Amino acid sequence: MQRNPQLGPKGELSHLLTIDGLPKDILLQILDTARSFVSVTERDVKKVPLLRGKSVFNLFFEPSTRTRTTFEIAAKRLSADVINLNVATSSQTKGETLLDTVANLAAMNADMFVVRHASSGAPHLIARHMGPEIHVINAGDGRHAHPTQGLLDVYTIRHYKEDFTRLTVAVVGDVLHSRVARSEIHALTTLGVPEVRVIGPRTLIPRDIEKLGVRVFHDMDRGLDGVDVVMMLRLQNERMNGALLPSANEYFRSYGLTPERLAKAKPGALVMHPGPMNRGVEIDSAVADGPQSVILHQVTFGIAVRMAVMAILAGNG
Amino acid sequence: MQRNPQLGPKGELSHLLTIDGLPKDILLQILDTARSFVSVTERDVKKVPLLRGKSVFNLFFEPSTRTRTTFEIAAKRLSADVINLNVATSSQTKGETLLDTVANLAAMNADMFVVRHASSGAPHLIARHMGPEIHVINAGDGRHAHPTQGLLDVYTIRHYKEDFTRLTVAVVGDVLHSRVARSEIHALTTLGVPEVRVIGPRTLIPRDIEKLGVRVFHDMDRGLDGVDVVMMLRLQNERMNGALLPSANEYFRSYGLTPERLAKAKPGALVMHPGPMNRGVEIDSAVADGPQSVILHQVTFGIAVRMAVMAILAGNG
Amino acid sequence: MQRNPQLGPKGELSHLLTIDGLPKDILLQILDTARSFVSVTERDVKKVPLLRGKSVFNLFFEPSTRTRTTFEIAAKRLSADVINLNVATSSQTKGETLLDTVANLAAMNADMFVVRHASSGAPHLIARHMGPEIHVINAGDGRHAHPTQGLLDVYTIRHYKEDFTRLTVAVVGDVLHSRVARSEIHALTTLGVPEVRVIGPRTLIPRDIEKLGVRVFHDMDRGLDGVDVVMMLRLQNERMNGALLPSANEYFRSYGLTPERLAKAKPGALVMHPGPMNRGVEIDSAVADGPQSVILHQVTFGIAVRMAVMAILAGNG
């Protein structure tokens, strides 16, 4: 049996590369640890010394200010020293290989790399070449994975709904190009959610998605019927003028989440979105800012989840 | 009566958006607090724990390295965690609204936003949408305001001249395009300065400026006669080749501050400039580097003033 | 006798601008201090409070992410407040002079400037205009100097070979355009290395280099014969398609460090390279990743050396 590249010899979390294949006990360890950090972020002094004297490198091979910010603030609240590196504009252009660049940074006694890269698998490649004292967190690699986003979504559902085993969850929109949809489906299933639905146009739903055990709907009203959680996906602007979609207006007419559509879901169903939102495209402002929206709470919980992942990794050095 | 948007329910400072309309007691609170921080910045360990565990976001929608640096160093000397965000190159381009961007950052349990924006009123808009636990500081919005610059100027005058009520202060140059001139006039008047003069060519002095209670001079020698303080304004390069001004040389001949011109002012009159200076355009090097120049002291006091504003806001959460 | 601009009135280190002319006792002070910091960087909490409350400005007039990172991490491990400034895109473009820009930053009660500039001598110019409380470290100025790189190379040699007085050291490659080769030769000679060799094509070896007391070789096999240390220099990409060099392939054939060539050196000879490496141009991967390579250890020691320089300077305020 091949060992999970994210786990150490005793099955402890050594890197966070993808939610796929993470055992249930690790998922629960992250969620439980995150809960304790939510209270830290609400305190007057939002800081604990768990990573004091550790060096966390935000290694961004493509820019993503928002994602970088969430990891930077999480690391600083753990008292780490944080170094932001925009590597696109740096030595990569001097002909150095990715692995030489990273080995060089690792030799500065780095403790943790938060890696964002346009190529799927780059964080895995880096993790494979690091010694056991260095931990890698995937902050988004191509279309492949963005595990902390998936984890904060799961955390948010648990926070409001507590028991996973009675829920119906709908994932709505561009599943094909999403880095999180597949991971999320895996995590929800692993944690005991009995029914996950996928809703969207045929052009944006992968053909083999049913193998993951989900139910596919192309009609939004039917898909939302009776669900406990509506997880909207962001529609990338660049999809609009392609062959996959007619127009933003038409998309909204079929798959935009309006108050009327949301009324098909259970009363009190959660509305989630990873941001940034396209108001009037995939979601109506009345829903985005409405009483069922937990979109900004997702952001708050996201900091706690990232703190949890970093604290767990730092404890497993 | 409409409440001042910068003040909380008990009249305490809740945001710093503009000097206009700030009550005298708040102005004096800032100046007095700044005085105590001047001594901190002269110590061997230039750090106090007043903002420990607070998260300060430098939210720059247009670049200004110098201004960002002053706020960053001020926040770090207060022991805050500082996050620098250059938002121009970020999610704004993904079609997200300004308020969604800021709400998202606020959800990361931010405590303070230092906002720089090309559009007048952007910091006000942000402040209006924040909860009471988040404080906004305007670091320059279009031509509208740049209150910490105005405050550090007032601080500098008080440091050297102590009693405002016996002073004649001249503001020289491009008042029309200045973000600070109007605020400064307001602050000086509020603090009891009996005579404020405005000096400059007709094309750069707003027609209604006399309503603020100032005396207007188009002849520099006459305007400087007997003043205690000469506050030079920066001439933006882009004004040079426009219709408003003939040339840099000609401007210098009429309004450049030379040793001869400065001799018209009172002996020991202060020379001030907000920087960056155009030597040989609005100011002669002999004056800029001369014994009456307090230009670099303004910078030093500016750090203390920004620390004071942040400390006061953090205490009013 | 003109005083060394790097030394204070009592001969203490006041700025680090170049290795040239540094007395032996100062070189040894830096190397000895660095040794104590190597152990700090290996600890669980990689942090000492020596620069707590000090403000270190990384003042980069040309971008160099890697170099900036090494100084940033060094300063943070000394507990300094670090401000990164990319000045190219900032007020320099507003017509302000270099010295006004720096005087302005100094007035923010800076303690230390780490300066990178495309023009040789810029750090010297800045140092000459600073008061005694501000220290300047040259992080690379044009083709002139990059003293911490030279010091970390010397540190690495001492770490592995201990006694300088029995060594033969070869410097290989583009000496003509190197910022470190000359300094390194000076440092090695000052520390007692009896034989320094320079190896490279005629077009890349300065004609007057023998005045420094080195032996010049144009044949690599003969130059490497019996040496204890092989210091490779980086071949800048832009040299490849110029008049100075035929092609990368041909360069590798004549001066690339292969296992066969390395076999000419003493058994256990050190292989060093400042990075970033051009694999297959100046060095073969089998050597770069081989047992004699200490290239990544140079990086690790480089952090300790930079910490040492900063700690010594901060103690001499």
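The first chain written gets the first letter, and so on, giving A, B and C; residue counts start at 1 in each chain.
As a working rule, a contact is a pair of C-beta atoms (placed from the backbone, for glycine too) under 8 Å apart; a residue touches a chain by one contact, two chains touch by 3 or more.
This structure is a prediction, so every number in the text was calculated from the model and none was measured.
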Interface residue overlap between copies subunit A and subunit B, same or different (over half shared): different
Angle, in degrees to the nearest 5, of the Cα rotation that carries subunit B onto subunit C: 120
Between subunit B and subunit A, distance of the C-alpha-averaged centres to the nearest whole Å: 41
Multi-chain contact residues (two or more partners), subunit A: none
Parts of subunit B lying in touch with subunit A, wherever the complex brings them together: 52-55, 81, 83, 85-87, 89-91, 94-97, 100-101, 103-109
Sites on subunit B touched by subunit C in the complex: 41-47, 63, 65-66, 69-70, 72-73, 76-77, 237, 275-279, 296-297, 299-300, 302-303
